[in-house]
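In what follows, chain A forms one complex with chain B and a second complex with chain C.
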Partner chain A sequence: MTQPDVVVIGAGILGASAAFHLAERGYRVVVLERGAPNREGSGTTAGNLHIQAIHTRRPGQEVPVDSARLLPLQRRASDHWSQIEERLGADVELRRGGGFMVAETADQEEELREKHEWERRAGIPTEVLTGDEARKQLPLLSDRVRAASWCSLDGYANPLLITPAYLAAARRLGVEVHAFTPVTGIQQVGDDYKVLSGDRSWTAPVVVNVAGPWITEISALAGIQIRMSPVAIQMHVTVRVPPVMHHLVQHIGEGMSVKQVSAGNLLIGGGWPAAALDMAGRSTVSVPSMAGNLAQAGRILPFLGELRLLRMWAGPLAATPDEMPVIGEVPGHPGFFVAGGTYAFTLAPVWGDTLARQIAGEAPADPVDDLGPGRLLHDDATTPVSP
Partner chain B sequence: MADVMTESEADVAVVGGGPAGLHAALVLARGGLSVVLLDESDTLGGQYYKRRAEQLTAAFGDFRPRGTELIRQVRDSGVDCRTGTLVWGAEDGGRTLFTSDVRTGALGRINTRATLVATGAYERSLPFPGWTLPGVVTPGFALHLATMDRVPVGQRVVLAGTGPFLLPVACALLEVGARIEALVELNHPYRPGISSIGGALRQPARLAEAARYLLTLARHGVRVEQGSRVLAAHGDTQVTAVDIGHEDGGVWQLETDALCVGFGFRPSTELPRLLGCDTELDPTGTEQLPVVDADGATSVDGLYVAGDCAGIAGVHAAGVRGQLAAHAILRRLAPERARVRVADLRRRRARALDRFAELADRLYPLPTTADIPDATQVCRCEGVSAGEIREAAATGWNDLHGTKAATRAGMGPCQGRECGHIVAALAGRGEGTAECFAARMPIRPLPMAATIEGQEVQ
Partner chain C sequence: MSTNSLPQTVTVTIDGTPGQAWAGQSVTAALVSAGIWPLRRNPVNGQLRGPFCGMGVCLECEVTINGRPGSRSCTAHVTDGMDIRTHTEPLQTAAHG
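Here is the complex of A and B:
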């Protein structure tokens, strides 16, 4: 298929979801991936389904997320995730065990209450519990937990399974996935884009750039200058233990997420920075971040101290300069779509559906105009590519 | 983090207290450098110069007195010997090492000016139906029981696999009273009817050693089957019978209560790979070896590798290579004390020993992984079969990491140390480029208590 309807660049979770949603609508889709599918941020992320607001900054994050703005999208994502295994015909180790967001100080508790109010307005059910109430539900929480907000919709899906499941479902619908096919050029040919990988090419009226940390590079091939600020963050995983905890535990004041996955390992993350982002290979983990993340997780969940750390890894996070997601058509470049940025894992089903609707000329289920790529364009970036 | 890690400094860190590490540490300390020698075990010596427990030494005598003497010299030379110390990570080209006390879990950080990795090798296991049954062990384990504890791994033992290592293991088992039902050698390294090893040689001493072992086996009437391999092990709660297949198609069964299977050794290269040094395919075509010069210097400035982790060549080569690397480090850090002439002599000896290692590689080639049955478990930690790995590889563009992600092969406590080379072979695209799982921190599972404030390290 050299003349598909849509060329999707990137076989991470967003590319896989977009391909699936487009194919469901009958579009002929080709997905191009520079390496192996799901190899970068989508396969190295924590797999959290964040339905309650994440008010927290990653360690080192300069700009806060506008959490309240994202809540309607998280509400929508929650509905999508509830149906995802059925829709994709696959087990992705989906768990909706609910989640705690803990507070250790009075100020943090106040933040929980503020956040709870936004969630109430967005129709996301949460409640703020005292430390004792939270410990009654999850006795593993330490005495340092002063209060916690509880959301029964929080959960987890295995990042190693969801993207392959999307891709498999997409392929059943006729989508072509080309791995180890790096995009080397994008030319405008009339109203179409000709996407090149070496001496191969695909020509389509629509290109979807979901290349994660490479969004800037891929856009630049089409003469579009999009500002991104990718970083590398790291994850930690313990040895397997019998089931002890089916909740997601996060911290309102600091980057922290802990949960036990289906295999029994405990996953500890929270967006702690890796030593450096290596766009050419695997990013290197930071030992101070390891020590910081584990110390903090152990403060909230002291039983972690009895376990052994099995492995840690770093992966890219395709952050934007304003820490908000980016989705939509690039102004001045009809047919060139971009999606990425914050909370792409949780929002992946929503973004796949949103892109499919936008490409079909329909209104998205939730308005996203304010999240379009226009705000990330360099001033000199609107020059169209000459044919 | 400073509060959770104890800091220390040394001119040189030597990781691994086996023959290579001991010889290196001695040269370095006598050259006037401050040396810290780190080993995960609670005694120095590594596998070859392994120490018997005190009561067993009293009862059975010293095991390999040469090792006892070497360890004594190392201690006397002022080397800071830290046994029971796991090196679980490193950065900055090896100038920073992260350690954990094996007993307490306490964390440490060592800053050095140069680091020598002498972490030795693992035994190579290859899966076959029944290989996870109790009673199926590696030859090294059987040797450990026989030499350290004077205990035979079984009354009746089948030894199988390939490599010269099977010979001393067989002799050690005979010495502790085991009956060897057969020594099943995959290849044809031994001349039929004559107790000698094939091939043309420049290492008479090593060959005489092999010939002595073969004579011992002949004296005990041990059946040596060449061109044969274990097809399957059978038993309910433990191995009771073994199917042996000959390359001409013949199959027969032996009753046994222990089966030792090993296919030589695999270099332990996690640390140099973690530190990003250049690697190349080893002679077996299945392992990535650090690229080193004649003195063990890697592509990472200040990082040296010696002994079997730089390529399997045995104890004698390990000692010489350890000395060579130590001389190179001396030339670098204390040029006024370096002895060039000694290094030249060592280099000549190392070349001769390398030639013997090359002969071993030719005489004992590895079997293919292609005939591992689909139902056979490959990753024991996560319970993943060869068939599941093949299927995932085929649907996942034969990408090793994708295969790991899809099957969990290599995600268990050993982190693919045991199965990684087989997963890579099964998932490979057959281009002769042996990929391997990336080396990651922690190199071994790390107790977390020490990182958690206010927690007692157990």
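Here is the complex of A and C:
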């Protein structure tokens, strides 16, 4: 298929979701991936399903996320995830055990109450519990927990299963996935884009750039200068233990997420920075981040201190300069779409559906005009590619 | 060849039974020499586990050495009088979740 309807660049969770949603609508789709599918940020992420409002800053993050803005999208994501295993015909270790967001200080407790009000307005059921009420539900929480917000919709899906499941479902609908096929050029040919990988090429009226940390580089091949701020973050995992915790536990004041996965391991993360983002290879973990993340997690969940650390790893996060997601058609470049940015795992089903609707010329289920790529363009970057 | 390079035979106790091993060999090697491959069970599903990576990474070969649980047998070296116990991990009693 050298003349598909859509060329998707990147076989992470967003590329896989976009390909699936487009194929469901009958589009002929080719997915091009520079390496192995799901090998970068989508496969190294924590796998959290964040339905209650998120913590607004990773450690070291300069600009906070506008958490309230994302809530309608998180509510939509919750509905998508509820149906995803049935829709894809696959077990992705989906768990919706609910989640706590804990507070240790009076100010943090106030933040919980403020976000509870946003959540109420967005139609997301949450409850603010006292420390004792939270400990009654989850006795593993330490006395440091002064209050906690509870959302029964929070959960987890295995990042190593969901993207392959999307890709398998997309292939059943006729999508072609080309791994180890790095895009080396994008040329405008009439109203179409000719996407090259070495001496191979695909020509389509629509290109979807979901290349994660490489969004800037891929856009530049088409003469589009999009500013991104990719970073590398790290995750930690303990040895397996019998099931003790069925909830996601996060912290409102600091980046922290802890949960027990199906295999029994405790996964500890929260967006702590890795030592270095290596775009050409594997990013390097940071020992100070490990120490900080584990100390913080152990302060909230002391039982973690009895477990041994099994592994840690680092992976890229395709952050934007304003920390908000990016999704939509590039102004001045009809048919060139971009999607990425933070919380892409939780939002992947929403972004796949949104891209499919935008490409079909329909309104998205939730408005996303304010999240379009126009805000990330360099001022001098809107000159069209010469044919 | 100098006689100094010959390994020294020492006594270790494996699950309560005294036996002989070489000082400095890995505890995994001593266990396997004694015919013991399964060292513990997966605490979630009860499957038998044993030495896998052999280099301290997978933590599947953990045993109790001189009373210290969660010791990696592949990176621990045999010493005289060492007490080695397998299958010392707590197991869940009732499956749930």
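The rule is short, and it goes like this: the second predicted complex is superposed on the first by the 386 of 387 C-alpha atoms of A that agree within 3 Å, B and C clash if a C-alpha of one lies under 4 Å from a C-alpha of the other, contacts with A are read in each partner's own complex, and residues count from 1 in each chain.
Methods note: contacts are C-beta pairs under 8 Å (C-beta built on N, C-alpha and C of every residue); 3 or more make two chains touch, one makes a residue touch a chain.
Here the structure is a predicted model, which means the values were calculated and not measured.
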item	value
Superposed partners chain B and chain C on chain A - clash or fit	clash
Dominant toucher of chain A (residue count), chain B or chain C	B
First, second, both or neither for A:Asn38, with chain B first and chain C second	first
Which of chain B and chain C A:Pro59 touches, first, second, both or neither	neither
Touching partner for A:Arg299 - first (chain B), second (chain C), both, neither	first
Touching partner for A:His246 - first (chain B), second (chain C), both, neither	second
Which superposed partner A:Gly332 touches (first chain B, second chain C, both, neither)	neither
Partner chain(s) touched by A:Leu310 [first = chain B, second = chain C, both, neither]	both
Contacts of A:Ala263 with chain B and chain C, given as first, second, both or neither	both
First, second, both or neither for A:Pro182, with chain B first and chain C second	neither
Clashing chain B stretch [against chain C; choices 91-99, 271-279, 415-423 or 433-441]	415-423
Contacts on chain A seen with chain B and repeated with chain C across the two complexes	239-240, 263, 308, 310-311
Footprint of chain B on chain A - complex, ascending	35-39, 43, 160, 164, 179-180, 238-240, 263, 275, 282, 284-285, 287-288, 290-292, 294-295, 298-299, 302, 304-313
Interfacial residue positions of chain B with respect to chain A in the complex	1, 4-5, 89, 91, 98, 382, 396-397, 399, 401-402, 405-406, 408, 411-413, 415, 438, 440-442, 445-449, 451-453, 455, 458
In the complex, chain C residues that touch chain A	42-44, 57, 59, 62, 70, 90-92, 96-97
Sites on chain A touched by chain C in the complex	239-243, 246, 263-264, 308, 310-311
